[in-house]
Amino acid sequence: MVSFLRFLINGISLGSVYAIIALGYTMVYGIAKMLNFAHGDIIMVGAYIAFCAMAYLSLPPMLALLCAMAVCTVLGIVIEGLAYRPLRQATKLAVLITAIGVSYLLQNTALLIWSSNPKVFPTLFDLGSIRLFDGNLVITSQSIITIAANIVIMLALTLFTGRTKMGKAMRAVSEDKGAAELMGINVNRTISVTFAIGSALAAIAGVLLCSTYPTLQPTTGAMPGIKAFTAAVFGGIGSIPGAMIGGLLLGVIEILGKAYISTELGDAIVFAVLIIVLLFKPAGLLGKPMREKV
Amino acid sequence: MSENSTKKRMLDTKMVPAPSHGIIPERDYYSTPVLEARHLGIEFGGLKAVDDFNLIIGKTEIAGLIGPNGAGKTTVFNLLTKVYQPTMGTIMVNGKDTAGMNTVQANKLGIARTFQNIRLFGNMTVEDNVRIGLHNQVKYGMFTGIFRMPAYWKQEKRQHEQALELLSLFDMQDLAGARAGSLPYGAQRRLEIVRALATHPCLLLLDEPAAGMNPHETEELMRNIIKIRDQFQIAVMLIEHDMNLVMGICEGICVLNYGRIIAKGTADEIQANPTVIEAYLGKKKEG
Amino acid sequence: MKLKKSTINNIISYGIVIVAFIICQSMIASGSMTRSLKGQMIPICVYIVMAVSLNLVVGISGELSLGHAGFMCVGAFSGAIVSSWLLAALNMENEILRLVLSMLAGGVLAGIAGVLIGIPVLRLRGDYLAIVTLAFGEIIRNVLNCLYFSLDGKRLCVAFNSPNVPGTVVVNGPAGTAGIQKIASFPVGFALILFTLFVVMNLINSRSGRAIMATRDNRIAAEAMGINVTKYKMMAFVTSAVLAGMAGALYGLNFSTVAASKFKFDTSILVLVFVVLGGIGNIWGSIIAAALLTVLPELLRAFSDYRMLAYAIVLILVMLATNNPFIRSLFDRLIHRRKPAAQAQRGGASE
């Protein structure tokens, strides 16, 4: 029972990281309608920047995090402007392949700068931990911070898209680009801002991920990126609460599956659950089904 | 009210409809109607897009479905072709109930259609579009196709001949090798009709066949619709805003407004019907 | 008449492949081919078949599949197992016959996997379908990571998640296939390319192929024409899986050990890149792109560390250039001499 609780908390903590990445993914997908495979690599870049800021510039963790967010925000805007914007009218597949190209580019640049030797990421916020059940259940401050960060981010994003002018513009652009443009919304700027927010979130996720799983390599972001995308689809892509629920469920399923069924099959279980959910709810848990007009 | 009850009785006992009913042409009285829709309806989230739609179409009738924009005309076509499953009522095709069928099965029963927003296979040639219409007329499997058995050559040749013959109905045989997406608008509409005809329907549904055509083309289309009916002995039902076309060739006309039938009858009856005039032009103001 | 034209086109295609094969064979025989390039010949055959078969799904049937390497993985493992079993149980010495039988087995098993995966996957649309194929590709790899096969005399033993299997180990969990005789040969690879071309091109020019393309161009219209969309999507998907399985078996028998991690998501993406760069729906484009891009990393050896970086940049630039409206219209006018209006409707998986 205690071990179950421990796995559950680990799952929620990992799920929170997935949820933060998935939030970025879902926003970018919602507005640009593209599978941004480079998103996972932005996580990796964010983690490397934070690592360098702490290791070489000896900045405090909070400042390192801000550095990582700033760099990733700029990176997101630059990638969108240079690689994706010229392809706005192109086929989906062309954009997908470009995103894969960007992903390769980021991974290989990281490989040249930081080499393939894994870096050991320092624990960021060690504020002690909570011990329950005679010390059998340890909840690290890491987990608590990750979960809290996830909740804060989700609330902030919900308020942002619901209340602010820019947030409303985003929703309008994701519904219908042409109509939004006719209403005087600057579509390009709105998409840029979405990429900026998504990338900043990826930086936060990267730092949180690496402080829990401290091996940092150029390929670190790839798998969490795919899983987070799975989480976004799981919850209903384009939906902010959906991404959060999807991320949390995915993390919990992964940790529990690895603990109780098979370590090797952890990922397979995650993907199998995704497939089962999509069979019954083809638009994800909270997604709205689309009907084609005939 | 009384008209409604007579019609109900008529449907139940399969009686020959009274001539005054004005929908089925006399020559079709003694054959099974190609289509009988009874109390047909569909709801989208509480909104009744089509409600209590009753219609009988004779075996070789040309019927018109008209009404203001948003009246639910295309939705009726989508119900008849099972693109949407009706939430109420029944559809009988040649006396067979279509409950639970999907679009493919409805087509195999003999309902073929064209689309308001043209839906051709744009990357394929004109001939291939027609060949896809002939799909269920040709029977050879995947392996016969891959390994080019004798049946493949024989049936491909026949399919080619049939496709050209159908295209020649609209004098389009010379365009057989052209890419369907590159055709001019009017030709695309005609190709859609040929493609639908290729499925050997008994009821051809045309959704705004004359949209975007000039008066000359429309007149030719009218002649061609009659030619198709005479040559293939099938029923045609069309949605159209061009009243010259509708009044010119439709034997029975059905007027839809807000998802409900507001009038049925011949061209003359419809033109004189005050409800119809009101639906189209709005209520006459006092004074 | 169109019938004859397509037949002539097919014959020309086979001719070009045969000529290319003869040139490669004579280069190998005269020793004018570098060692590393010679080693690439079988992988080139494998990736050509992979690209053409994926093009059947992405280009002809219009569904984006991100899990094609999964079928290759099934083919590689089953091919390796069948080949070892044929040798041990039936004492089959003839390498070519054993290779062909193993490839058939790989194709059949990948085809079965294709049916099982196709049933749920093809109910979905667009990006959801893509993400589920990705998920299946990963599931296949994960499950094969947990499988252990061994030959105890003539008996084939299987264990799940436990390395305790009697006799000679053939598949060793995460370490992959072990101690496999390398019986893959270039002529058989070449024959597989010809077979793939034969199947795919004949399929496209048949009743079934037209139905597949109709479901791609307009699903609703295809249904209204009485075409069973799921059936034809399935046909393309499974045919593609069978061909990928055969290519996988050839690949697996080219190495003494192959781990399932070789068939990660990256491999699926690699093949997809061949298809997109070669032109979606263009069979010849896939062949050329697969051949060139398999050799390219060898040619870029001079750049050493910057090799993959250069590859990434080239990939992005090519996508930007080919989708630039100006360059595209120029290209179309020069090469296809098509009217600009004819370009309006294009593209496979983009609906």
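Labels for the chains are A, B and C, by order of writing; each one numbers its residues from 1.
Here is the rule we go by: a residue touches a chain if its C-beta (ideal position, glycine included) is under 8 Å from a C-beta of that chain, and two chains touch if they have at least 3 such contacts.
In this text the structure is predicted, and so the values were computed from the model without any measurement.
**Student:** Can you tell me which chain is nearest the middle of the complex, judged by mean CA position?
**Tutor:** Minimum centroid-to-centroid distance belongs to C.
**Student:** Which chain's centre, taken as the mean of its Cα atoms, is farthest from the centre of chain C?
**Tutor:** B
**Student:** If you average the Cα atoms of chain A and of chain B to get two centres, how far apart are those centres in Å?
**Tutor:** A distance of 50 Å separates the two centres.
**Student:** How many angstrom lie between the centres of chain A and chain C, each centre taken as the mean Cα position?
**Tutor:** So the centroids are 31 Å from each other.
**Student:** Based only on mean CA positions, could you tell me how far chain B sits from chain C in angstrom?
**Tutor:** 44
**Student:** Which residues belonging to chain C are in contact with no fewer than two other chains?
**Tutor:** Within chain C, residues 220, 346 contact more than one other chain.
**Student:** For chain B, give me the residues that contact two or more of the other chains.
**Tutor:** 83, 115 - these are the residues of chain B that touch more than one other chain.
**Student:** Name the residues of chain A that each touch 2 or more other chains.
**Tutor:** Within chain A, residues 294 contact more than one other chain.
**Student:** Enumerate the contact residues on chain C facing chain B in the complex.
**Tutor:** Those residues of chain C that touch chain B are 1-3, 198-199, 202-203, 205-211, 213-214, 217-218, 220-229, 235, 281, 339, 341-342, 344-346.
**Student:** Which chain C residues qualify as touching chain A in the complex?
**Tutor:** Residue positions touching the partner: 58, 64, 120, 123-125, 127-128, 130-132, 134-136, 138-139, 142-143, 145-146, 161, 173-174, 220, 265, 269, 272-273, 276-277, 280, 305-306, 308-309, 311-313, 315-316, 319-320, 322-325, 346-350.
**Student:** State the interface residues of chain A toward chain C in the complex, per the touch definition above.
**Tutor:** These residues of chain A touch chain C: 29, 35, 37, 83, 86-87, 89-94, 96-98, 100-102, 104-105, 107-109, 111-112, 226, 229-230, 233, 237, 262, 264-265, 267-268, 271-272, 274-275, 278-279, 282-283, 292, 294.
**Student:** Which residues of chain B touch chain C once you look at their complex with the stated criterion?
**Tutor:** 81, 83, 102-104, 107-108, 112-113, 115, 119-125, 127-128, 131-133, 135-136, 138, 140-142, 144-148, 152-153, 155-157, 159-160, 176-177, 179, 181-182, 195-196, 198-199
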